[in-house]
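Common to both upcoming complexes is chain A, partnered first by chain B, then by chain C.
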Partner chain A sequence: MTQLAQNLLLGLLLGGVYALAAGGLTLIFGVMRVINIAQGAFLIFAAFITYSVWQVLGIDPLLAIVITTPVIFSIGWVTYKGIVAPIRTAPIASTVLLTFGLALVLEAVMGMVWGNNSTAIRPGYGNESFTFAGLYLPKAQVYGGLVAILVLVTLGLMLTKTWLGRAIRAAAANPAGAELVGIKVAAVAALVFALGIAAAGAGGAIVGVLYPFVPGAHYQWIARLLAIVVLGGMGSLNGAILGALMFGVAETLTAAYIAPSWATAVPYAIVFLVLLIRPQGLLGSRLREDAVAA
Partner chain B sequence: MMNASTSRWKILAVMSSLALGVAACGGDPEASSDEPIRIGTSLPLTGEFSQPGKAAQEGYQVWQEMVNEDGGLLGRDVELVVKDDASNQNTIVSDYNALISQDEVDLLLGTFSSLLNLPASAVAERNQMLFVEPAGGSPEMFSRDFKHLFFSQQATADKQGKVFAEWVAGLPEDERPKTAAYPTIDDPFAAPSVKGIQEILEGAGVETVYEETYAIDTKNFDTIVNGMKAKSPELVVHGAVFEDGVGVVRAMRKANFRPDWLYQTTAPSLGKQYADAIGAENTEGIMFAISHAPQAATPGNEEFVAKYEEMFGGLPPEDAADAFAAGEVLQAAVEGVGSIDDQTALADWLRDNSVQTILGELQWNDDGSPIGDFLVGQWQGGGVEFILPEELATADEIVDGWRPGEGQ
Partner chain C sequence: MRKSTRAFSRRPSWSRVLVAIAAVLLLTFPLISDDAYYQNMIILSLVFAVGASGLNIITGFAGYVSLGQGAFIGLGGYTVGVLATRFESVSPWLWVPVAGLVTAAVAIGLGLVSLRSRGPSFVIITVAFLFLVQVIAVNWVAVTNGTAGLTLPLPSWDSDVINWPFYYALVAILAVQLLMTWWIRRTKLGMGLIAIREDETKAATIGINLPVQKIIGFTASTVFVGMAGGVYGYYLTFIDPRGMFSILISVQIILSLLIGGKATLWGPVLGAFLIEPLNEIANNSLGGGNMRLLLFGGLLVLVVIFLPQGILPTIETLLYRRRTAGKAGLVGARIGSGGSLKSWADRVEPAEREASGRALLEVAGLTKHFGGIKAVDDCSLAVADGSITGLIGPNGSGKTTVFNLIDNTVRPDAGEITFDGERIERLTSWDRAHRGIGRTFQTTRLFGEMTVLENVVAAQRSFSWSQLGRIAVSGREAKAAEELLEFVGMRAYRDQKAHALSYGQQKLVELAQILMLDPKLILLDEPAGGINPVLIERMAEMFKELNSYGKTLLIVEHNMPFVLDLCDPIHVLARGTRMASGTPAQIQADPAVIEAYLGEDFQFEPEGVR
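Entry: the complex of A and B
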């Protein structure tokens, strides 16, 4: 029983990190219908920036989020204006190709700036855990989970309680209608893209503390993040959080009770099964055109 | 208007030049002795294996530099043609095909890891080109009846941990671990290496309490470590590459799980990178098999270490030394045969001869697998010492097990 509780806790903590990384991806898709394949690359890019801030300024890597997130936000905004905006309304395949190319460019830039060596961020608490009732909670995961909750709650409140959030949701639900009531959808899209990248920025800082990384690590992350977003329902922030927690717990329980060799495969099988029953994902909305197609 | 006689002379001159050019192209390549010998390789300079891939590139570069300073190969300069396979099995096949058919390199050198050398060596074999690989000791490599493949380390993966396992098996009963865990990455080098150790230790009565293989893209090791911790093994033999080796040690520290002994494949041999990633204080006592010792008194080793330091700074990582040794093996075959025209003759020469390298003397079975033993290294006082076999040991004693938190 203790082992089950331990594994569940580890799974939920892992899911928290996944949630933060996937939140930005679903936000960008929800508003812009852009599948940002470069999200994983931005995640690793943020991990490298966090590493440099930690090394040069000696700031705790999780506290460094207050520096790295605005930097990543700015990079996201510039990327949108310079690269993504011209094809925002192009067919989805074009944006997939474009952002895949962007991921490759980012990988090359990371390789040139930081090298292709494996990099690790090790704060003092990196090897420590909280213990209670025979269970242990790694401090880095707990702090990372708390940061993830803080960022996601802030993002959620911003989306539901502010005028900006309403504008974003209006732009996502009905771009033409939003334009009619005075919302500048193009400006909202730039902001959302930058916010989505910034969320990956915060996630990258946590990922960098938890796992060693190389520039090419983004391929593994984007595969997981896409699966999580599809599982939760594309465009749904709550769905991404739920999907991420399920994914983390499924990975952990599979490794513990089936075999570690299946740990990266079983969560994808769950995604497959969920989509068979709910093609729109756990919390995704079924659109009129989906019903017609069915 | 052009004079008819002048025109005839011009045509004759052009024809003569063409004839000379064609003769030069069709003749013995060594006749054009000013042309460098081009040697092609594709390495994982990016992606999951970029760490060892970059080290291998450095080793090849040091070899190229030293060969050229020494008058070249058969009197010709050596020119490396290096591609980046991005740690991808598909890319490496197209890279080696391109090296042979588009770049038209004269010779090939292998890449890093069994995973990538498996398909790469098949391309070389199909083109009947010698393929000396600096890494790629999976037994699977040598079960395909290839005639041009040679592994330039001391032993294949299944025998990599033999010296360590026999040392553990030979410990007095009260000092010998009674239980062991064997987690390993699903890698064609690491998995057979762990299996080889497990077979010897089980034969010596060490009970296996945990045995699991995890996928190559596993990032989170907390559950695996939690599973091991529940079984309380006294020895952990971990089949690792690099990031997973780091991940498991960090997860062990978080879970406060400290087996008496910790042995890992590959990762601990990556020197400073490894110490930085897990924390130098956590390295004390970790054991591993290694092919190269910077302090070893093997032929040319001192010069290699000095040249590496001059070119890249610091001590050479194991993968750089292995790549350098692959270059030495290729060089020995070319100089032994005296030509690069017949690559099957180069392979036959290697089967019939041994080669002195910075890793020691290397010789091969008919299938290209090497005949020899690895060294065993141990992290002591924040650095790597070589503890076995005793005649090559650089340390007076073996640290009594893994002592995390006590390193420097």
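Entry: the complex of A and C
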């Protein structure tokens, strides 16, 4: 029983990290109808930057988020302006392929800069654990999960409580209408893209502390993040969070009770099953284009 | 007049010569040269050509991008690998067709999960699928031998011609794949797939069963790829999950398709034979690994931004411009005077102009809210069989939404729709089309990249498996479509792309398109809006003629003389519900209608329309 509680708790903490990265992905999709296949690559990229900051400056990797996130945000903004903006109105198929190409380029760059060997960030508390009511919780996971939740809550508050958040939601719901009431949709889109990637960046910094990583790991990450987003319903932030928590728990339980090697496969099976029963995802509404032109 | 057919099947003769030369070179290469390096390069190019040509069906035609195409090559390779190591006495060649069947079965399963709904979940599922099969190949050790991989039996034939069977088997598979692509492009299935790419909602309203067509398209795009994968696995003699399910295989397939040209017959083949040598150079001269990634990734980004059409369509556009330079386009030509529906006379009893009184369509309590806006609010109305019924009302009164609810472009929140004695509010758009509802859109929604003829033959008046395989661009289907185009006066434009037509011309083609459904009820959303008076007059004549063949018409229109001359009875909508009904005279005299819609100074002059 204690064992189960511990696994559930660890799964939820892991889910918090997933939620951060998947939230960024679903935010970008919700506002811009762009499926950012490079989201996983940016996540690993952030892990490498965190690694360098930790190595060179000796700052705690989780605190280093304060440095890495703005850096990743800027990179996201430049990426958007440079290569996504020119084909922003193209069909989803084009942007999928574009960001897919971007992911490969990022992977190559990471391989050239940091090498293709497994890299790990090990802060002092890397091997320590909290013991609480018989539960055994690695400190890195607890800290990582808490930081993820903190960033996620900040993001959520920003989206719901600020003018910028309202502008973003308006641009997502009705771009033409938003433009009419004075929101520069193009500027909002750049901001959202950068913000979504920064969320993945924050997630990547935490992931770097939890697991060793290689440039090629971004494939597994994007597959996982996409599965989460589909599970929760495309474009729904709450759906992504719910999907991420379920995914984290499912992976942890599979690793603990079935076999660690199958841990990556079982959640996909769940996604296939959910889609078979509910194609629009858990919290998604059916994407129905409205034929009313005027 | 010279036909400027740019259809898929008829290409300029010089390009046929090029294809013939390439085919001869390909067939004789192993006889001329025994250079293993180039033979290997061509064999790999052939595998990717089959992969890209397959992908073309679901991505090029239907517009659904799959990033998991490489997984089907791996699946084919593993099918042959697993079976060949189990049954050592049997030739591995026997398992190649089995590999095709296995991939087809997997594609059907994957299609059922991801293609029943529309939109982006398909591309996402294909990514997840690619990793799922890799994880399974790694972990299901009992069958796949895990990461250690499988070693297939070595080929038993003479080592001098060791590559020949693989080489020619792949050439044969590519030939069959291309034949299938060519055939699909000419059938109702192909029309349906392209229609789905162009406008999925509209495709459903002309009777195209979306999930079935997409799943068939997806399956067709994998079956020969699985077979090629099987041959590829046997050729390699050693397969492991890392190599067979590498995402770079998918990347290379996609790049081949994009660079060569989507939705073309030869583009994917051209692309594959361009990219594979590049791949070899990246591996051998640039050190492979990261450089190869950089090359592929960078190329993908550049192609999407700068060469979205691909090589072949770009060349074709340039040639077309050169060929037609200085010549007057057909688009400005006069619309034909219209033909009669000769073959219809035998099919349909000319009905009496007087409506029988039986309701063909009845809606009751129909309600649709968009957020706080009650677009349609408890609306009830009936359309008598054989009538030309008008539906008028102020802008925003819910007329178009009523149409959308009738053909299921939008789902109602509440209410009943009865058509021809059957409740239809739970049926899909294509089921409603098959039962006899045809609908035109206020702003025309033709499939822009298809020709006028293709637009019309894309309509499916019923669903049958054999119909999907029927050739659409010539023969019986095309003949029926041409008669309808003649009727609306657009036959001269049959080979023009729909997006090149003027607005009024598009309205006429859209009418011909839905007439292809042989509908009992024709819903017309502002047929006279935005077109010239002569054409309006011609429209009115056509509607009367259609009505004389027993067709029931429901017309939304703001052109009052047109409506009052043509329609009887007329329903008036206001604030999402029916506020009045009656003959044209009653409607004009109704103070409520004048107040809500017509205005105090409205005066109908019958001379406005003869």
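Of note:
In the analysis below, the second predicted complex is superposed on the first by the 284 of 294 C-alpha atoms of A that agree within 3 Å, B and C clash if a C-alpha of one lies under 4 Å from a C-alpha of the other, contacts with A are read in each partner's own complex, and residues count from 1 in each chain.
Going forward, contacts are C-beta pairs under 8 Å (C-beta built on N, C-alpha and C of every residue); 3 or more make two chains touch, one makes a residue touch a chain.
In this text the structure is predicted, and so the values were computed from the model without any measurement.
Partners chain B and chain C, once the complexes are superposed on chain A, run into each other and clash.
Taking chain B and chain C in turn and counting the residues of chain A each one touches, the greater count comes from C. By the touch criterion defined above, A:214 lies against chain B but remains apart from chain C after alignment on the C-alpha atoms of chain A. When the two complexes are overlaid on their common chain A, residue A:264 makes contact with chain B and with chain C alike.
By the touch criterion defined above, A:120 lies against chain B but remains apart from chain C after alignment on the C-alpha atoms of chain A. When the shared chain is aligned, chain B and chain C each come close enough to touch A:111.
Look at A:92: by the touch rule set out above, it reaches chain C but stays clear of chain B. When the two structures are aligned on the shared chain, A:70 is found in touch with neither chain B nor chain C.
When the two complexes are overlaid on their common chain A, residue A:230 makes contact with chain C while staying clear of chain B. Across the two superposed structures, the residue set of chain A contacted by chain B and also by chain C is 107, 111, 116, 219-220, 259, 261, 264-265.
The residues of chain A lying in touch with chain C in their complex are 29, 35, 37, 83, 86-87, 90-94, 96-98, 100-109, 111-112, 116, 219-220, 222-223, 226-227, 229-230, 234, 259, 261-262, 264-265, 268-269, 271-272, 275-276, 279-281, 286-294. Against chain A, in their complex, chain B makes its touches with residues 45-48, 50-51, 53-54, 86-87, 183, 186, 212-215, 217-220, 222-224, 226-227, 230, 242-243, 246-247, 250, 253-256, 273, 276-279, 282. Interface residues of chain A facing chain B in the complex, by the touch rule stated above, are 3, 6-7, 10-11, 14, 107, 111, 115-118, 120, 122, 126-129, 131, 136, 138-141, 211-212, 214-217, 219-220, 251-252, 255-256, 259-261, 263-265.
Chain C contributes residues 59, 63-65, 67, 112-114, 116-121, 123-125, 127-132, 135-136, 138-139, 201, 247, 251, 254, 258, 289-291, 293-294, 296-301, 304-305, 308, 370, 375, 395, 400-401, 404, 409-411, 441-443 to its touches with chain A in the complex.
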